[in-house]
Structures are given as C-alpha cells and as structure tokens.
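As written, the chains take the letters A, B, C, D, E, F, G, H, I, J, K and L, and residue 1 is the first residue of each chain.
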Amino acid sequence: MAKSPISSPLKDSDKKITANVLQSTLVDLIDLSLIAKQAHWNVVGTNFRSVHLQLDELVSTARTYTDSVAERANAIGVSPNGKASTVSESSGLSDYPDNWQDTKATVDAIVELLSELIGRIRKSIDETDKADLVTQDLLIEIAAELEKQHWMWQAQQQ
Amino acid sequence: MAKSPISSPLKDSDKKITANVLQSTLVDLIDLSLIAKQAHWNVVGTNFRSVHLQLDELVSTARTYTDSVAERANAIGVSPNGKASTVSESSGLSDYPDNWQDTKATVDAIVELLSELIGRIRKSIDETDKADLVTQDLLIEIAAELEKQHWMWQAQQQ
Amino acid sequence: MAKSPISSPLKDSDKKITANVLQSTLVDLIDLSLIAKQAHWNVVGTNFRSVHLQLDELVSTARTYTDSVAERANAIGVSPNGKASTVSESSGLSDYPDNWQDTKATVDAIVELLSELIGRIRKSIDETDKADLVTQDLLIEIAAELEKQHWMWQAQQQ
Amino acid sequence: MAKSPISSPLKDSDKKITANVLQSTLVDLIDLSLIAKQAHWNVVGTNFRSVHLQLDELVSTARTYTDSVAERANAIGVSPNGKASTVSESSGLSDYPDNWQDTKATVDAIVELLSELIGRIRKSIDETDKADLVTQDLLIEIAAELEKQHWMWQAQQQ
Amino acid sequence: MAKSPISSPLKDSDKKITANVLQSTLVDLIDLSLIAKQAHWNVVGTNFRSVHLQLDELVSTARTYTDSVAERANAIGVSPNGKASTVSESSGLSDYPDNWQDTKATVDAIVELLSELIGRIRKSIDETDKADLVTQDLLIEIAAELEKQHWMWQAQQQ
Amino acid sequence: MAKSPISSPLKDSDKKITANVLQSTLVDLIDLSLIAKQAHWNVVGTNFRSVHLQLDELVSTARTYTDSVAERANAIGVSPNGKASTVSESSGLSDYPDNWQDTKATVDAIVELLSELIGRIRKSIDETDKADLVTQDLLIEIAAELEKQHWMWQAQQQ
Amino acid sequence: MAKSPISSPLKDSDKKITANVLQSTLVDLIDLSLIAKQAHWNVVGTNFRSVHLQLDELVSTARTYTDSVAERANAIGVSPNGKASTVSESSGLSDYPDNWQDTKATVDAIVELLSELIGRIRKSIDETDKADLVTQDLLIEIAAELEKQHWMWQAQQQ
Amino acid sequence: MAKSPISSPLKDSDKKITANVLQSTLVDLIDLSLIAKQAHWNVVGTNFRSVHLQLDELVSTARTYTDSVAERANAIGVSPNGKASTVSESSGLSDYPDNWQDTKATVDAIVELLSELIGRIRKSIDETDKADLVTQDLLIEIAAELEKQHWMWQAQQQ
Amino acid sequence: MAKSPISSPLKDSDKKITANVLQSTLVDLIDLSLIAKQAHWNVVGTNFRSVHLQLDELVSTARTYTDSVAERANAIGVSPNGKASTVSESSGLSDYPDNWQDTKATVDAIVELLSELIGRIRKSIDETDKADLVTQDLLIEIAAELEKQHWMWQAQQQ
Amino acid sequence: MAKSPISSPLKDSDKKITANVLQSTLVDLIDLSLIAKQAHWNVVGTNFRSVHLQLDELVSTARTYTDSVAERANAIGVSPNGKASTVSESSGLSDYPDNWQDTKATVDAIVELLSELIGRIRKSIDETDKADLVTQDLLIEIAAELEKQHWMWQAQQQ
Amino acid sequence: MAKSPISSPLKDSDKKITANVLQSTLVDLIDLSLIAKQAHWNVVGTNFRSVHLQLDELVSTARTYTDSVAERANAIGVSPNGKASTVSESSGLSDYPDNWQDTKATVDAIVELLSELIGRIRKSIDETDKADLVTQDLLIEIAAELEKQHWMWQAQQQ
Amino acid sequence: MAKSPISSPLKDSDKKITANVLQSTLVDLIDLSLIAKQAHWNVVGTNFRSVHLQLDELVSTARTYTDSVAERANAIGVSPNGKASTVSESSGLSDYPDNWQDTKATVDAIVELLSELIGRIRKSIDETDKADLVTQDLLIEIAAELEKQHWMWQAQQQ
C-alpha cells in the first residue's frame, strides 16, 4: 500500500505537524490505559476499593480518548500506530513499578503521570493552533478531562 | 513489599504452575487487544465496515478476559504484570504489520493470531488440570469464546 | 465445497466423537423447541396460563442451547444440520400427540421428554470427557439447566 | 378430547377455509425459521458476517409470525400443528442444501424461498377475503414484511 | 359550542354510521375495563394469582382500545362520550355479579362477556366496510386481540 | 359466598367505619378517572395540548389510587365494588358536561371537582383516625397528591 | 442499470398504479417533514413551546412514513425518488411562508396542509383497492395517524 | 466499643421502647425471609409455579423491610442484631415444617405466619405512637404491605 | 397580585402555622443543598472520593425535599420563597467555612449541620400535628431520611 | 490549610484571571438556578404548565454548568465558593420579585436575566482567550446553551 | 412580522457574516440528509446491507446538525430557511443520480459529496473566527464528525 | 410426603454424597449472607461507606449462590433445608461478634470467614468429582467468585 488511501483536509505542512502530535498523544494514552489497569490490579491498602474503582474510571477515560485520537489521525489521512512495541519504545510517560503497591504509592504515581501527560498535551494544543483547529479542539477536550481527574487524584494526597 | 499481601488457596507447587499460565495468558490477551485495535483503525477495503466492527468485538472480548485472568492471578496470591514493556517482551503472538492493511490481509492475520493463541491456551488447559480446577475452568471458557470467533474469522476467508 | 472451510482445534479422532455428540444434541434440542411450542399452543385446562407461560420458557431455553451447540460444531470444523427433515428423521425424543391436550397430559409428557433428553446428554458428557473439555463444559451447562427445569415440571405433577 | 374446547367466531365454512390457510402458513413459516437458522450456521465467504446477521433477522421474523398464525388458529377454534414431522411432510418450501454454502449460493437460495412463500401467502390473502377479514389482515401484514425483506435479499444479488 | 370544532374526512352519511359504531364500541370497552377491574379485585380461589394477573392484562387491553376508539371519533369530527352514567345506561355488556367470586365463576363470566363483545364488534366491522376503511381497520385490530384473549380464557374452562 | 373469605386485622366496628370510607373513596376515584378521560378527549382551545396532556396525568393518578383503595378494602376483609352502575349511582362528584368544552371551561370544572373530592377525603382522614391508621395513612397520601394537582390546575385559572 | 434489479409481486398494470401512488405519497411526506421542521424553527408567540414540541412530533411521523413508503416502493420493484429537486417540483402540498410566523398562523397553516394531504391519501386508498392490498393497508395506517393529528391541530384553533 | 458511636434524636425512654420494637421486628422479618425461601424451594403440587413465584415476592418484601428496620435502629443510635442464632432464639414466628410441602399446606402455613406477624406489628404501632412517630410511620408502611399480601394468600385458600 | 391565587384546604389558623413551618424548612433545605455542594467541591484528604460521592447524595436528598416542601406550600395556598438573599438571611443552619477542608473537618461539619436540622424538623413535626396531617407526614418522611444519613455520617467519625 | 493542595497547569497570572472569571460565573449560575426554581414554584396564569416545565429545564442547565465551572476551578488549583451568603453578596444578576408572578411577568424577567448573564459570559470568553483555552471552551459551551434558551424564552414574548 | 422578534448577542456586522454561514450550512446539511436517504433506498449490490446501514447513520448525523445549525441561527436572531425549494435552489452539493445505483457508484458519490461539504465548512470556520466563536465551535464539531465519516467512506473505496 | 416427589438423574450413592455437599454449602452460604448483613449494619469507622457498600455486594453474592445451591438440591431429588434453626445449628462458619465493629475488625473477620468457607468448598469440589460433574461445576463457579472477593478483602488489610 504505497500511498495513503485516505485524502487529507489539511495542506501537507499542517498535516505533518498534526500527525506527529496525534501519534505521540495516541501512544501516551495507550500507555496510560495499560498503567492504570496495572495499578488497578496491584493496589493494596486501607483505601483499596476506592482507589481500585477510581483507577478503572481512568482506564475508561484513556481508552475513550485513544479511540478519538486514532480516528482523528485517519480523518487527516495518517495511519495510527498503537502496537505494544510502539508504545513500549515511544511513550512519553515514566515507568510504573512492578508488583503490588500500597495506596499512597499508587496515588502518588498516578498524580505524577497525569502531570507529565497534561504538560505534553498543553504543548500539543499550542502546536496545533495554526495547523488544525479540529485537532486542537479534541486536545482541549482531553486536557479538560485529565486536569479534572488530576485534581481528584491530588485531593487524595492531602 | 517483600512478601505477598494476598494468601493463596493453592499449595506452592500448584500455585507456581498456575501463576505461570496466568501471567503468559494475560500478556497474550493484552497483546491481542492492542493488535485488534491496531487492525480496527488500519483496515481498508470493500468490506471495511463489517471487519472494522467485528474487530471491535474482538477487542472487547480480549479486554474482558484480560481482566478475568489478572483478577484470577490476584485470587491465587500472585501479582499480575500487564505493562507495555512486559507485553512487548513476552507476548507469544506474532507481530502485526504497520500501516493500513486491506481486508484480506487483515482477516488472514487475525485468523493466524487466533490460531496461535488457541493452541497456547489449550496447552494451558492441560497444565492446570491437576494444579487448579478453578483456573482451568476460566481457560476453558476463554478457549470456547476464541474458538467460536476463530470460526467466524475463517468463514470470511472463503 | 469438498473440504471443511473451518480448521479444527481437535485431532481427528476427538473431532469425530465430538461431532457426533453435537449433531445429535442439536437435533434433540430443535425437536424440544418445536414440541414445547406445540404444547404451548395446544394446552387447555385450569392451569392453562401458568403452563402456557412455562412452556415458552422451555422454548427459549431450547433455542438458546440450539445456537450454542451449532456454533460449537462450527468451532470444531463441522457443519451442523438442523433442517426439518433431519430433525424428523434423527431426533432421539418420543413423539408428542396431535391436537389439544389438557394440562395434566401436557405436564406428564414434558416431564417424560426432559427425562429422556437428560439421559442422553449425561451420556454425551461422559463421551466428551477425553475428546473435548470445551464441548463437555457446554453439555454440563445444558444438563444443569434441563435438570433444574425437570424438577420444576415434576413439582407440578404432585 | 373429542370436540374443540374453543368456540369459533366464524361460521363453519369460513372456519374451514381459514383453518387450511392458517395451518399451511404455519408450516411454511416454521420451515422458513429452520432453514434460515441452517443458512445462518452454514454460510461462509467474504460477506459472511453481514449475511450471517441478516439471516438471524429472518429467523426472528419467521418465529414472530409463526406465533401469530398459531394463535390465530386457536382464536378461530382450530388446533395448530407445528411438529417436526408435520413440517417435514407438508411444507410448501423447496429443500435447502446440506453443508456449508458460500454467500452467493446462500443469498440466491433465500431469494428463491421468499419468492415461493410470498406467492403462497398472496394466494391465501385472496382466499380469506370472504372467509375472515381478521385473518386476512394478519396475512397482509406478513406479506408486507416478507416482501420488504425479499427486496433486501435481492438487492444483494446485483 | 353549537357546531363541531373538528372537520370530518368523511361525507355526512358515512360519518353518521361510523359515529354510531365508535360511540357504542367506546361504551362497551369502558364497561369491559371496569368489569375486568371489578373481577380482578374480587376473584378468590386456588388459581387466584393467575386469574388476578390475567384480568389486569384484560384491563390494560380495554383501556388501550378505549383511547384508540375515542381518538378515532374525534378524528372524524365526533365528540366521544365515556362518562359513568353513559356507560351505565348504554353498555351492550351483561351485568357482572357483586361481591367476591370464585375462579370458575369469574372465568365463565369473562368468557361470556368477551363472546358478546366480539359478536358486536364483528357486526361493526361489516357496517363500516363501506363507510370508513380506517375505522374498519381499527375494529379488525380490536377483534383480533379480543378473539385471542377469548381463546385464552376458554382454555381455562376445560 | 355467604361469609367473607378474607379475615380482617380490624375489630368489627373499626372495620365498618373503614369499609364505608374506602368504598366511597373508590367510587369517587373511578368517577374522577372517567371524567378526566372524558375531558381529555373533549377539550378544545388554544392551550389544547397542554391541558390534554395534564388531564392524562390526572387519569393516571386516579387509576393508581383506585387500585390502592380497592386493595386496601380487600386487606381489611371487604369486597370493593367499582362497577359502572355503582359509580353512576353513588359517586360524590358533580356531573361533567357532554360534548367538547373549551380550555377555560375544562380547567374550571376540574378545579371544582378536585375541590369537592379533597373535601371528602379530608373528612375521611378524620373518620379513620381511630378506626385504622393504615387506611388513614393511605388517605393522607392521596390528599397530598390531589392537593398538589389542585394547585397546578388553579394556577392555570389566573 | 437498464432493468429493475428487484422483481415485483404484482402484475404490471397493478405495479404501475401502485408505483404512482407511492411516489407521489413519498414526495408529499418528505415535503411535510421539511415544512414541519421549518415551522418548528420559525414559530413565535405565547404558545411557542407547546407548538414547537408538537411540530417535532409531526416531523417524526412524516419521517417514519417516508421510510415505509419508500421501502414499499422497493418491495414492488420500483425505485423511489426523494431528492430535493423532485420534492420541490412535484409535491402536492401548498407552499409555506418564509420567516418567523406567530402561533396562530402556524397552526392554521398546518391544519390546511394536513387537510390537503389527507384528501390525497384517501384518494390513493381508493386507487390501490384493486391494485395492491398491502400498499392500501399502509396508506390506511398513514391516514389514521394523520387524521388523528389533524384533530389535535384543529383543536387548537378554537 | 463501650458506648454508642451514634447519637439518638430520641430521649432515653423513647429510645428504649423504640429499640425493643425495632429489634423484635427485625428478627421476625429475617425469619419470614428465611421461611419464605424455604417454602419457595420445597413447595410441590398443581399450582407449584404460581406459588413458587409468589413466595419469592414475599422474600423480597421481607428483605426490603429488614433493611429499613435495621437502618432505623442505627438512626436512633441502637445496634441491630440479625445473626442466625439471634433469629433462631428470639423470633416470634411459628416453626415451618421440614421437607417438601404440597401447595395447600404451603399456602395455609404462610397465611398463618402472616397473621401472627401482622398482629405483632399492629401492637408495635401502638407502642411507638408516643415514643417515635418516624418509627411508627415505617411500621404502618410494613403493616399495609403485609396485610395486602395476607389478602392475596388467603384468596388462594378458597 | 393582591390576594392568593390558590385556595387552601386548611382553615386560616392552621394555614398560618403550617406556612411558617414550610417556609423555614424550605430555607434550611436549600441552604443544606448549597453547603453540601460547597463541601463536595472543597473536600480534600485520603478519603476524598468516598466523602465527595456521599456529599452528592446529600445534595440530591436536599434538592428533592426542597421541591416537595415548596410544592406543599403552594398546595396550601402559600407562596414559597427560596431566593439566595432569603436563604442567606433566614437559614437556621450554622455557617460553613470557606476554602478547602480536609475530610475530618468536612465530616464533622456535616454531622453537626444534620443534627441541627433534625432538631428543627422534629420540632416542626410537633407543631403540625394539629394543623395539617398531610404536611406532618411529609416532615416525618424528611426526618426519616435525614436521620438515616446522619447515622451514616456519624459512622465515619469513629 | 495555608497553601493550595492542588497544583495548577496555568502560570500565575493566567491562573488569577481565570480564577476570577470562574468564581463570578459560578455565583451567577447558582443564582440563576435559585431564581429559576423560585419562578418555577411561583408562576401562575394560562400557560402555567408549559412555563413551569420550561423553568425546570433552565434549573437543570444552571445546575449542570455550576458543577462544570466549580470543577474547573479546582482543576486550575482554585477553591470555588458557592455558599448562600457569597451568592447573595456577589451575584451579577438582578433581583427577582417575591410572591406569585403571572406568566408574562415571569417570561419577561427570565428573558432579562438571561440577557444579562449572556453579556457577562461573552465578556469572560474574551478575557480567557489568552489565559486558558480550556476554560474558554467551557464558557463557549455555556454561552451556546444559554443563547439557545434565550431564543426560546423570547419566542414566547411575541 | 416586520422586525426580528429575537435579539442578537452579536453586533450587526458579525451577525450578518454568521447568518450567511449558518443559512448556507443549513441548506447543505438538509440536502445531505435527503441525498443520503435517496442513496439508502436505491443502493444495490454485494455489500448492500452494510452500505444501506451506514447511509442511515449519515442521515442521522445530517439531521442532528441540521437542527443545531437552525437553532444557532435563531439564537443569533436570524430566521432559518430549510424548505424544499430553498434547498433545491441554493444547495452547494452536486446532484445525485436518479434510480438504483450499485454499491461502488454509491460509495464514490458519497465520498465526493462529503469532500465538497467539508471544504465548504472549513471555509466557514475561517469566516466565523472573528465574527462568532460560538458558531465557529459548532462548525468545528461538524467538521470533526464529517471528516471522520469521510475516512470511513474512503476506506471502502480501496 | 413419604418419598421424594422429584426423581434424581444420579445413582443412589452419588446422590447421597452430592446431597450432603449441597446441604452443608447451603447452610454456610445462608449464614454468610446473614453475617455480611450484620456487618453491613454494624460497621463504623473512617472507611465506613466503602466497607458498608462492599458488604452488600457480599450479601448479594451469598444470596445468589444460596438459590443456585438449593435449586441444584431439588434438581437431584433432595429437599434443601435453610431455616434459621438449621443454619444456627449446622453452619460451618465461626460466630460474628455482636454490636458495632470498627472497620479494621470488620475486614479481619470477613477475611477469616471467607478463608474458612473457601477451604470447605474446595473440599466439596474434590468430593463431587466422581459423584456429579454438574454440581462440581457449580462449586467451582462459587469458589472462583469467593476467592476473588477474598483477595479484595485482604487487599484492604495492608
């Protein structure tokens, strides 16, 4: 399949910028969904049930936006890549520890991860301002949701 | 967290066998869910819509059993590991090609992947027959579902 | 279509045993669904409404397992056959009388039919123990449900 | 049970005509439901999934009207007969081939079967015009639905 | 309000015939709904629960068609009258006994009432054949449902 | 059926007082449901749709409490009587005019009817204070709902 | 596509009559759906909300029958045509004024449009009486619904 | 836990009276739920299905009010006790026979049990009239429901 | 609007007492809903999520009863007043601190507020005993729910 | 709690601008929700029911965005303040009259309030354009909904 | 109706630009909905069912945004015009062929139409950037959805 | 009722073994449901709400399997016994303390109880391996669910 089977509504330079933003966001969100599931399974401690449930909401958020971002890539004529090896090699998120983690360690790690991801997405919002308003609008929606959840995870650190 | 915080209903030798089976099945199923999503986004061709939808059902199946298997590991006192790097390094499934794939190539690749996975799970069913009937019952349920979907993917190859 | 378009996860001898069990169970269950509908339409007597409704639950059970059994046949690479002539010629169930039947005759006939069918399925559970654990698990599930309904039909005979 | 336990709103000659029409339609519809399930299980080929799903809608239609027709027979004081042997002996539909069928053969066979059945029901609509307007109205409803589905099956032959 | 505020799609003679049919059917159906509720509250005996529930389905049927018939009267420019005194004075149905009734007496009375009502509606179907096909179609639908329920009540008399 | 088949939790004098209250409330509520339907069908004028819908809510309220009251009569061992002739002869509500009514006349009539009914139920609440607290509690609930709807009908008179 | 890909259950002369009726009804109903939406958006005045909502129910009715009529055309082997230019050129309905309309003008216009359409459909019911009972039955259903809504719009004119 | 962790809105003497009433009602209702389940499983005879289903509604009622009563105890600062040994020792209900029971024996036993329980709750309503109106209101609600079901069980004895 | 547009079912002295009770309860409940929302947004600490969710249930309870109380005021012919300035000036509840609060402070404040409110409502129950049983019944229902939630908030203080 | 427990994704100057906008919008929306409820309870007049229902939709809109705005404040590390005294003191909306209001006065007041609020929010959209695109996007969504409802309220003034 | 009954939140020049954009988008979307329905009814060929279903999703999308755009026009004080003649005369979309079309021709035509429409909407996004951010946000949402569906239609061309 | 009214699909020795297993599991599960409810009502402490909710899920699990086990006893022709005295005398679970318990004590007690019960069920799985595969399959399902919940309760002990 030598050339793209899907035409793009963007001019080439805008398409290139937007494609990079979408591919890196896709990888980050898949990584977030895998890490949140890992944490969901491995958390232990007094607040276990509450944190366990909240982590599944984060998985659900990550999966929903993963789909939106990959579909947006297709919509601008770019093939998204979300395979395990791609995620493992190019994710912008920090590693998550192996084995069971107590609730405090879990909450701290999630707060840190969300902080990293929000920083990266805010940068992408700036980059797409000229390139593609439709993609920018999607990134703003993702930032709004992640910043809200970031507050709720921080609120538990007190 | 030096020792397991979760006690096991199994004796040590059975627990070890069962733990290995569950960890490798977990990794395979996460890989299947990522590959099926990758295929879902990248398929093109006359039957696009039908294959696109069927792939999402496969994603859903893979995710459901991923959870069941990881929870079963916890239930026998073993920490499950489903991070991107673990999947990338230890999955038993073949690689899936990058970029858009036409429907024929997509269907063929999925048939092949399911065939590999079914073979591995049937082997695990044998290994757990003495070690843990509860885990074996879960693996039988997974095999039943995957073999059914395998038929439906093969049926499209004719 | 000279050879099977669907590969089998079973070796040939196991496939042959399992195929026979599935085909004969399929025919019995379709016959049960038609007889239960026949009884549903033709029952008369004081308890009419209660028996009429309970017979539709039996139809629903029979139809659900008919589908599971036929799909399992496909999953092991065997074409299921559930046409009227096949059912008429090879069903293992006794005939059901023509015309309206009072509630006592209806209940007695259903109790007898379920007894026959349970006996045949228990035999099939034994036969598949070595051949295919996945099929055996399905047959155990069918036996569990039919034995439960058998109790409920017998309970009305007192 | 020597005489009918259910009185009839029709005079005897009208009841006789209507009874014949309802019994033969009942048998045809049961046969249709069994054949459509047979086709649903045995179809293979590129359009597998789409045809497989559409066949289940046909099964559902056939089952719904089977019930309406049998209940209408009771409502005019006639015992309906829908047993496997009755269907096998008196159905007005052509036989359906054994074994897996590719999608083209499947679609062609269903188009042909629906065409036969519509012809028979249109004839029954004429026969009940004097005998029973209530039964005629039911047959018109069945014809409307089958002719609609007939178009959708033909549309795939192009 | 001297003249009708609603115009009629029918010519005057057809409107008159149809108006009479609709008003008398309306009164009969309201009476049926009140009698079936009376029976629902006052039935006693071994089959109490089954008959009690079935009577509420009859109430529901009567209420639904009461609305359809009254709305049809409006649609042809005629004011429907369904007040208690009107029903009490002009209903075509036999009286229902006061006080608790055992299940046999209840079933017998309902069978008789439905038989009377069906006879009256079949006569109305004939009368509207020339006057208004739309109204006739509604009466056919009502007859179909009442004749079906009539069978189910008779089936309990055996 | 010479004596009551249902025993009473009340002593005879209390039962007698409560029975009278329940029978007269039952008749009033059935009459209300028939009048509200009559009004629902016959209202015309600028606010038609709004009043038409609100009247159906009143029908629904009347029907719900009709059932509660009749069931309460049974629960204290008294046979309820809700036939058309009983309602026509013993209802405490004023008559409702025949034929179409404009919205103003409709609203005024409903306000008046509700006012009458509330007065009668408040009197019944007093009468049951010693006789049966359970019945009184039901009457309080009915008064609460009717007084609320009374406000909403009056609010339209301004 | 030189000849019809869909066979017809009707003989040629009946098909021709029925085709004309269906095509003209299709166009009228699409026009009704566009006009009712236009009115829905442009109505102003004291009863705004009530009329605004009722207009959307009319849109919904028009769209539902548009689909039924177009599908019926296909079922008798005729291609339906519902494009904007076809509707603009061949609709049988009067024009609707541009710009905002007060509620009185809106109600009057809708009453008039429904009156025109009902007249045309009643004529089509007569024309299909010999040609196709199935199509006639659909037109009777459409007339029933439109005449009911016609009453409800007239009821607001008083 | 030496003193109550939950404050009471009642003064001490009222709290004591109310606590006794709630604890004894709690035990009676748990016993009722266990007996009704026992009867649900062990009933046999012609009306089996109807009685079997009705018993599950009684279980559901008993469980719902069990929760309401226990929560009310907490709300007035009293720890509820619903363990098996407590129920076994302090229930006010008669014993229920072991083994299968025919439908007549089952219905008679339930009628008797409900009669006992209603008597005890009516007495509690009197006792709480001065002590706590909120608790009294809950007991009135329970009496209303149990007296209604008592009628429905008696109605089957005729 | 010089005089009340809504008539009252109460005599003037009863109406006056009841009006005062309802207006002050209305204001308290609105204040509770605003404070619970304030707490919902501003809580931080280890149990954040659990307390955050439970506070929203309290908001929902407060809003539901706010509506019931205001509608009851209308039903007795009194205009309810629930504006911000009215609440700010006449609420009977203590002030809630500004800014984020940790979970302990939050729980303690809510327990205290509910305690105050329950005391006030219990006093209102006494005041309406002679004036209006319908209003008293509503206040009993509110007390029941608030005392239940009061227990659940206290249970967290241990 | 000396410093903010929640970190901000914004730099300090942007955070300050955004915080002011969010706090003032929060107060306005809470005030709107209380006023719309006040109007919902106190409206009287011919269109009562329609306006009463529409006001509850406005309450629901106001409450939904109240939550979104308060959560957004938290997400940028600012404590929201929505207590009654805060609303009473700092709301930007005009006062709403006490006592019952007729429908015209009610509609006029709501139109005026929405106009004021839309003006304030449009100003806030401009202020956040540089400060925080995520907050701006939320304000645009609120403006879109309020401007739509503003049209619907104005449409009733004609 | 000489002047606009709805005030505008925009200044005159911005209102004029935005009005033009909304009216032309409205017409395009109505045309799209009619064309997609036309294609839905007239498609034939092997993939019939899949394309038939996907076209109905496009109809649904077009109808949803038609409403959003017309309501936005009202919200800025402009009367929307969506009548058949307006659409026929001013739509920016190419014509769609009459008669049945095979699946390839259908897919190609839809891809082309969406491409045209996306181009026009992207231009409108630019034009509203200064004039009205609320309208621009709606257009961005429409572009996002249409570009996503455009990909899915192109994906079938391969 | 001298002999069993329900026939058994098992031979006598298998029936005896299976009956013992089912009766003792039934008693244990009823006891678990009562203890979990007792704990649900009596828990106090910081994590109150989370533990309170999780205990109700355990009640629900226990009740569901109670029904499955009792029905299975009937299906093999054995009368189940689940009365309070039977549970009190023969349960295999440890006693649960009276009065309120803090969250730590509650969690520890539940972990211990589940551990005991899992040990007993695993033993029963071994005992039924020869006697009845259908019963064994049910016990495996129960073990799977209890071991999963056991992990979740242990996870809170850390």
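Note that in this section contacts are C-beta pairs under 8 Å (C-beta built on N, C-alpha and C of every residue); 3 or more make two chains touch, one makes a residue touch a chain.
No experiment lies behind these values; they were computed from the predicted model shown.
**Student:** What chains, if any, are shared contacts of chain E and chain H?
**Tutor:** C, F
**Student:** How many angstrom lie between the CA centroids of chain F and chain G, rounded to a whole number?
**Tutor:** Computed from C-alpha means, the inter-chain centre distance equals 43 Å.
**Student:** Between chain B and chain H, what is the gap in Å from one C-alpha centre to the other?
**Tutor:** Chain B and chain H have C-alpha centres separated by 50 Å.
**Student:** Could you put a whole-Å number on the gap between the CA centroids of chain D and chain J?
**Tutor:** Roughly 60 Å separates the two chain centres.
**Student:** Spell out, as numbers or ranges, the residues of chain L touching 2 or more other chains.
**Tutor:** Chain L, residues with two or more chain partners: 5-6, 44, 47, 50, 71, 74, 100, 102, 137, 155, 158.
**Student:** For this entry, which pairs of chains touch?
**Tutor:** Touching chain pairs, listed by label, are A-B, A-I, A-J, A-K, A-L, B-C, B-D, B-K, B-L, C-D, C-E, C-H, C-L, D-E, D-G, D-K, E-F, E-G, E-H, F-G, F-H, F-I, F-J, G-J, G-K, H-I, H-L, I-J, I-L, J-K.
**Student:** Quick check: in the complex, which residue numbers of chain E touch chain G?
**Tutor:** 5-7, 9, 71-72, 74-77, 133-134, 137-138
**Student:** Using the touch definition up top, name the residues of chain A that touch chain I in the complex.
**Tutor:** It comes out as residues 47, 50-51, 53-54, 152, 155-156, 158.
**Student:** Residues of chain H touching chain C in their complex?
**Tutor:** Touch list, chain H to chain C: 43-50, 52, 100, 102.
**Student:** Could you pull out which chain J residues touch chain K in their complex?
**Tutor:** 115, 118-119, 122, 125, 137, 140-141, 143-144, 147-148, 150-151, 154-155, 157-158
**Student:** Where on chain K does chain G make contact in their complex?
**Tutor:** Going by the criterion above, the answer is residues 1, 4-6, 30-31, 34-35, 37-38, 41-42, 44, 66, 70-71, 73-74, 79-85, 87-89, 91, 95-96, 98-102.
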